[in-house]
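Common to both upcoming complexes is chain A, partnered first by chain B, then by chain C.
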Partner chain A sequence: MQSETVKMNVSVWRGNRRDGGYLSYKVPMEDNQTILDVVTWIQHNEDPTLSYRFACRVGMCGSCAMMVNGIPRWTCRTHVKKVLKDNAIKVAPLRNLPVIKDLATDMDRFFDNWNKAGGVHHSDQTRNDEIELIDPNKPARKIVDAGIECINCAVCFAACDTVSGNDQYLGPAALNRAWTLVNDEKDADRPGILDLVSGNGGCHNCHSQGSCSEYCPNELDPMVAIAGLKRETMRHLISQGKTDA
Partner chain B sequence: MLDARLYFLQRLTALIMAPLVLGHIAVMIYAIQGGLTAAEILNRTAGSIGWAVFYGTFVAAVSIHAAIGVRVIAHETLKIKGAALSLITWISGVVLLLMGARAVFAVFAA
Partner chain C sequence: MIQPHRSHTLFLAFLLHRISGLLLALFLPIHFWVLSLTLTAPNEFDSMLAWSDNSFVKLAEFVLVFLLAVHIFGGLRLIALELLDWNSGQKTAAASAVAIAVFVSGIFLLRAI
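Showing the complex of A and B:
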């Protein structure tokens, strides 16, 4: 005798950046099922026009983040059983980013901020130079290691209330990246990065509410990184003042 | 909206305010132990350069500190930007400075 399939109620946000609303779907429950599986099931079985973004399905690429029951999560690593409430799940596009269509957001601001925060490697060496050896036990290198596993999923950006209130704010991920470079011995423009994160939308706008660190799926701590940038930029500002005088 | 210099100023003024607030509360608790009227307090502060500097410094620090705080709220909550935001910051600071200076003067010149 075959047991009856249990179904859950899934509300999915459908629409573009101007208008839209939630549509409800009945999705069969599986023993082992992620939120990304649920969204994919809806696209395959209910509505092929449902738009969403994913790539690796194993928590490495950072493409599939969405709001699940109001919380930003990487959907490929979020099991239904962990978030199912009253047999229902609500899936929405990431907060703080404009919607392109359905669950896919325009991430331009998020990635542009990485560049605005100086988040690229600044080299002063050529391919002919010897590769510099970095001691992995050095305190600065340990700080870099603590923040370097960011997968650019924008969960922290969606979780941050300062990002919501201040459209110039660079956001946790870009500042976390800047902090790893400020501590990277191989980066040749660390003062330049400190200048970039000291502007109008810089690290000083952070209120240390800690949502970034609370929701980061890779358990990074951008709030601590931003606190580090605040300290270093203050030292930088004071030393600049001494130099100017 | 909040750059490194404004952040630095707000932290610096907080550092100045903290001991002054503690000093104010400590002296207030100590001074009223035997019962003290407002007139007696003003008698002691009148003409005192020390108390004028003490409260004058506090007022200056508060004006800067609070104006920057108002700036953050005005931007994040009320979405005010640009020249209007600068104007609100300056008006907040100047109004607090004038009100505080008036109070310090009253205590000094009583």
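Showing the complex of A and C:
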């Protein structure tokens, strides 16, 4: 005899950039089930027009972040049992980014900010130069190591209230990236990065609310990275003043 | 109701720092105006001192001392985070700032009553 399947109530935000609302679905509970599994079940069994974004399903690609019960999370690594409240779950697109459709957001601003913060490698070497050896135990290299595991999921961007209130703000991920490059011995334009992140919308806009570090699924600490940029930009400004004088 | 993504220690510390800062900014002009009475109207100042001896004002002063202390110690935490490269245990530091503020304002209240 088959036992009756327990079902949970799932509200999913449906709509586009202009309007939309929550639709409710009854989804069967499984022993091991992630939020991404739930969304996929709805698409496969209830409504094939449901749009959402995912790729690797193992927490590497950073594609599947959504708001789950009001908190930004990587849905492929978020177990239903961890977030289920009164047998219900609410899934919405990431905050602070325009919705394309349903749970898929337009991430242009998020990725554009990486470039605005100087988040590309600036090289002064050619392929003919010897590869520079970097001691992994150097303090600066340890700072870089602490920040390079970002998977671009935009959870920090969605969690940040400074991003919500300031269109120019570069956001935690872009600034964290800039901090890793500022500490990277191989980067040839560290003063240039400090200039980019100290302008309008730069690191000094951060209010150290800490939501980025609280919700980063890879347990990075963008708030501390941004504090480091604030310190370095101030030091850079003072040393520039001395040089000019 | 506070939104779910804001329900964590460091956001609450941010909120407390902002609210205490705003309330202190509102209090300071009144404080300076009352002090100015010592020069412009000493009699009025004396009567205000006598009025301030009631328990409601004492309680308000306790709140004021708490706001001042929590703003000072919370501010020191932020300065240390940004200038001193001291960044571990931020949640503990934020909670400690509140604990110290409660202690300082509690001592003030006990001495006042």
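The rule is short, and it goes like this: the second predicted complex is superposed on the first by the 245 of 245 C-alpha atoms of A that agree within 3 Å, B and C clash if a C-alpha of one lies under 4 Å from a C-alpha of the other, contacts with A are read in each partner's own complex, and residues count from 1 in each chain.
One rule holds for everything that comes next: contacts are C-beta pairs under 8 Å (C-beta built on N, C-alpha and C of every residue); 3 or more make two chains touch, one makes a residue touch a chain.
Bear in mind that the values here come from a model prediction, so they are computed numbers and not experimental data.
> Is it chain B or chain C that touches the larger share of residues in chain A?
C
> Who does A:Gln125 touch here: chain B (first), chain C (second), both, or neither?
neither
> After the superposition on A, what does A:Asp221 contact: first (chain B), second (chain C), both or neither?
In the superposed model, A:Asp221 contacts chain C only, not chain B.
> For A:Asn166, decide between first (touching chain B), second (touching chain C), both and neither.
Only chain B; A:Asn166 stays clear of chain C.
> Should A:Asn115 be classified as contacting the first partner (chain B), the second (chain C), both, or neither?
A:Asn115: touches no partner chain.
> Contacts for A:Ile71 in the overlay, against chain B (first) and chain C (second): which applies, first, second, both or neither?
So A:Ile71 only meets chain C here.
> Check whether A:Arg231 is in contact with chain B, with chain C, with both or with neither, and answer first, second, both or neither.
second
> Would you check which partner chain A:Gly202 touches, where first means chain B only, second means chain C only, and both and neither mean what they say?
first
> In the superposed arrangement, what residues of chain A touch both chain B and chain C?
In chain A, positions 230, 234 sit in both the chain B and chain C interfaces.
> Residues of chain C touching chain A in their complex?
3-6, 8-11, 13-14, 78, 81-83, 85, 87, 90
> What does chain A use to touch chain C in their complex?
Residues 69-72, 95, 158-159, 161, 207-211, 213-215, 221, 223-224, 227-228, 230-231, 234.
> What residues of chain A sit close enough to touch chain B in their complex?
162, 165-166, 168-169, 198-202, 204-205, 230, 233-234, 237
> Would you tell me which residues of chain B are touching chain A in their complex?
1-8, 11, 72, 75-77
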